[in-house]
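Given below, in the form of structure tokens, are the structures.
Here come two complexes built around chain A, the first alongside chain B, the second alongside chain C.
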Partner chain A sequence: MNSVGEACTDLKRDYDQCFNRWFADKFLKGDRSGDPCTETFREYQRCVQKAIREKDIPVDGVEFMGPNKDKPES
Partner chain B sequence: MVKYFCCAGLLKSTWDQVCIAFWQRYPNPYSNHVLTEDIIFREVTPTNCLKSRRLLTKTSRGPRWMERYLPKHMASSAYIIEDSIVDPQKRTMTTLTWNISHARLMSVEERCEYQINRDNGSWTEIKREAWISTNIYGLSRAVQEFGLARFKTSVTKTMKGFEYVLSKMQGETPSRTLTETATERARGTALAAKEKAKDLASQAQKKQYV
Partner chain C sequence: MKIWASEHIFNHPWETVTKAAMQKYPNPMNPGVFGVDVLDRSVDTEGRLHSTRLLSTEWGLPAMAKSLIGVTRTCTYVQEHSVVDPREKSFELKSTNISFTNLVSVDEKLTYKPHPQDPEKTVLTQEALISVKGISLSSYLEGLMAKTISTNAGKGREAMEWVIRRLNTEIEELAATARGTLRAPMAAAVTDK
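Now for the complex of A and B:
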């Protein structure tokens, strides 16, 4: 899968590989021994956040799980 | 005015496998409309829950009557945010997905809860809710009907995509490769049915001579 920042796709793939392994082998098994992916994540984020700014994608100020407050069920 | 939709889904895989597949969903044969995928925020909370934000770019497919209401400069692709919380202690995952572009014209928010199936501990149930609305006066009915119809198609694709990824993960031969298209599949099903009918007919004939 491509990143929204064309230059970030390789960094994304490296991070995804690391994350998927950590998620299945450590996180879901309750192993809290620490995240081996912090460095790859940092590099990937540096790239992708820049791409988001350049493309003017409106992600800022959006609260986590924000929109679902007080939703009607009508 | 907001249109509300709720449904339940079932995946015959464990909650763990479904969560693992959740991060590996794209690409799959049913997600050709998803152009890019990025994690733009992630952290493990003090209570050991995983919070993530995923940014997706999807092709913006709307009927022509809708496109009249889009400003000329508006991107032909749509931006969607998906927030999620994975709780490995409670074995639950909650996701919230909504579009951050074209939102005035049509806003679709979807909330899902993934839990272990009450009747079968090796299966996962998904409770899905959606809220569809528009801010453009006079378009409510049309947008909601269109939005709901497209959302339902989307849900089918999502579940098929999940099943595809899960069966690949479990080492089974998935029913589609990435290069197959929906038409090919339909054609294949029709052909398979014809062959099976032919086969059954010839078997019936053989039995006569035994």
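Now for the complex of A and C:
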């Protein structure tokens, strides 16, 4: 699966592999020990946030399924 | 405004379905989703995993529809917030479009929980709230979108089965490799005697 930022796809794959392993082997089994993926996540995030800014994607502060919710127009 | 809801039962335990749902994309049934990014992730004080993700989708709009709504790009972004509670065994996802919000609002909520009578099964309840803004064809278009959501929900469930099969195959291949690497030295030890 690709990232929205083409340059971030490899970083994303590294993070995803780490996360999926931790999620299946630790988190779902009730193991509350620390998250081994913080470093890979940080690198991946730096790249993605940059791509989002560059592509002007209107992320952030969204509320779900509120009848009176006003989404920012885009 | 159009409300659509459905319920589906998977013949797999909740952990299997949750792992698959977390890795749902890419899959051949939802080719429109071309990018998934995690924007934020954390475990709260009650041990629940919160994730915020951005889904990038590309969908084939017929040319007429494109000229009607006056857009040339068909790339749509969806923001999703999910919570996995490993103790309560629930995985809830809420998503909303963040593109074309001046035209349409599509909110979806999915909840995966173990089947109350059978722990080897998982129940998925899915709801969508659709609202097309400001034009007179709105209820017709909302109906059309509800139909699309319903069709995509069917594809989504097929996609889940596909991901589950893929994950199980990977596990079997790993086990077979492990058995293969054990067998060779054992055979060598026997013939060496």
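Simple rule for what comes next: the second predicted complex is superposed on the first by the 62 of 74 C-alpha atoms of A that agree within 3 Å, B and C clash if a C-alpha of one lies under 4 Å from a C-alpha of the other, contacts with A are read in each partner's own complex, and residues count from 1 in each chain.
In the analysis below, a residue touches a chain if its C-beta (ideal position, glycine included) is under 8 Å from a C-beta of that chain, and two chains touch if they have at least 3 such contacts.
Here the structure is a predicted model, which is why all the values come from computation and not from measurement.
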Practice prompt. Once the structures are superposed on A, label A:Met1 by its partner contacts, choosing first (chain B), second (chain C), both or neither.
Written response: both
Discussion item. For A:Leu28 in the superposed arrangement: first (chain B), second (chain C), both or neither?
Written reply: both
Practice prompt. Name the residues of chain A shared by its contacts with chain B and its contacts with chain C.
Written response: 1-5, 8, 12, 15-16, 19-20, 23-24, 27-30, 32, 35, 41, 44-45, 48-49, 52, 57-59, 62, 64-65, 71-74
Worksheet item: Given the complex with chain C, which residues does chain A contribute to the contact?
Response: 1-5, 8, 12, 15-16, 19-20, 23-24, 27-30, 32, 35, 41, 44-45, 48-49, 52, 57-59, 62-65, 71-74
Worksheet item: Given the complex with chain A, which residues does chain B contribute to the contact?
Response: 2, 4, 6, 16, 19-20, 23-24, 26-27, 34-42, 44, 48, 50-51, 53, 55, 57, 79, 81, 83, 85-86, 88-89, 94, 96, 98, 100-101, 109, 111, 129, 131
Discussion item. Going by the contact rule set out above, which residues of chain A touch chain B in the complex?
Written reply: 1-5, 8, 12, 15-16, 19-20, 23-24, 27-30, 32, 35, 41, 44-45, 48-49, 52, 57-59, 62, 64-68, 71-74
Item to complete: Mind listing the chain C positions that touch chain A in their complex?
Response: 15, 18-19, 22-23, 25-26, 34-39, 41, 43, 47, 49, 54, 56, 77, 79, 81, 84, 86-87, 94-96, 98-102, 105, 107, 109, 129
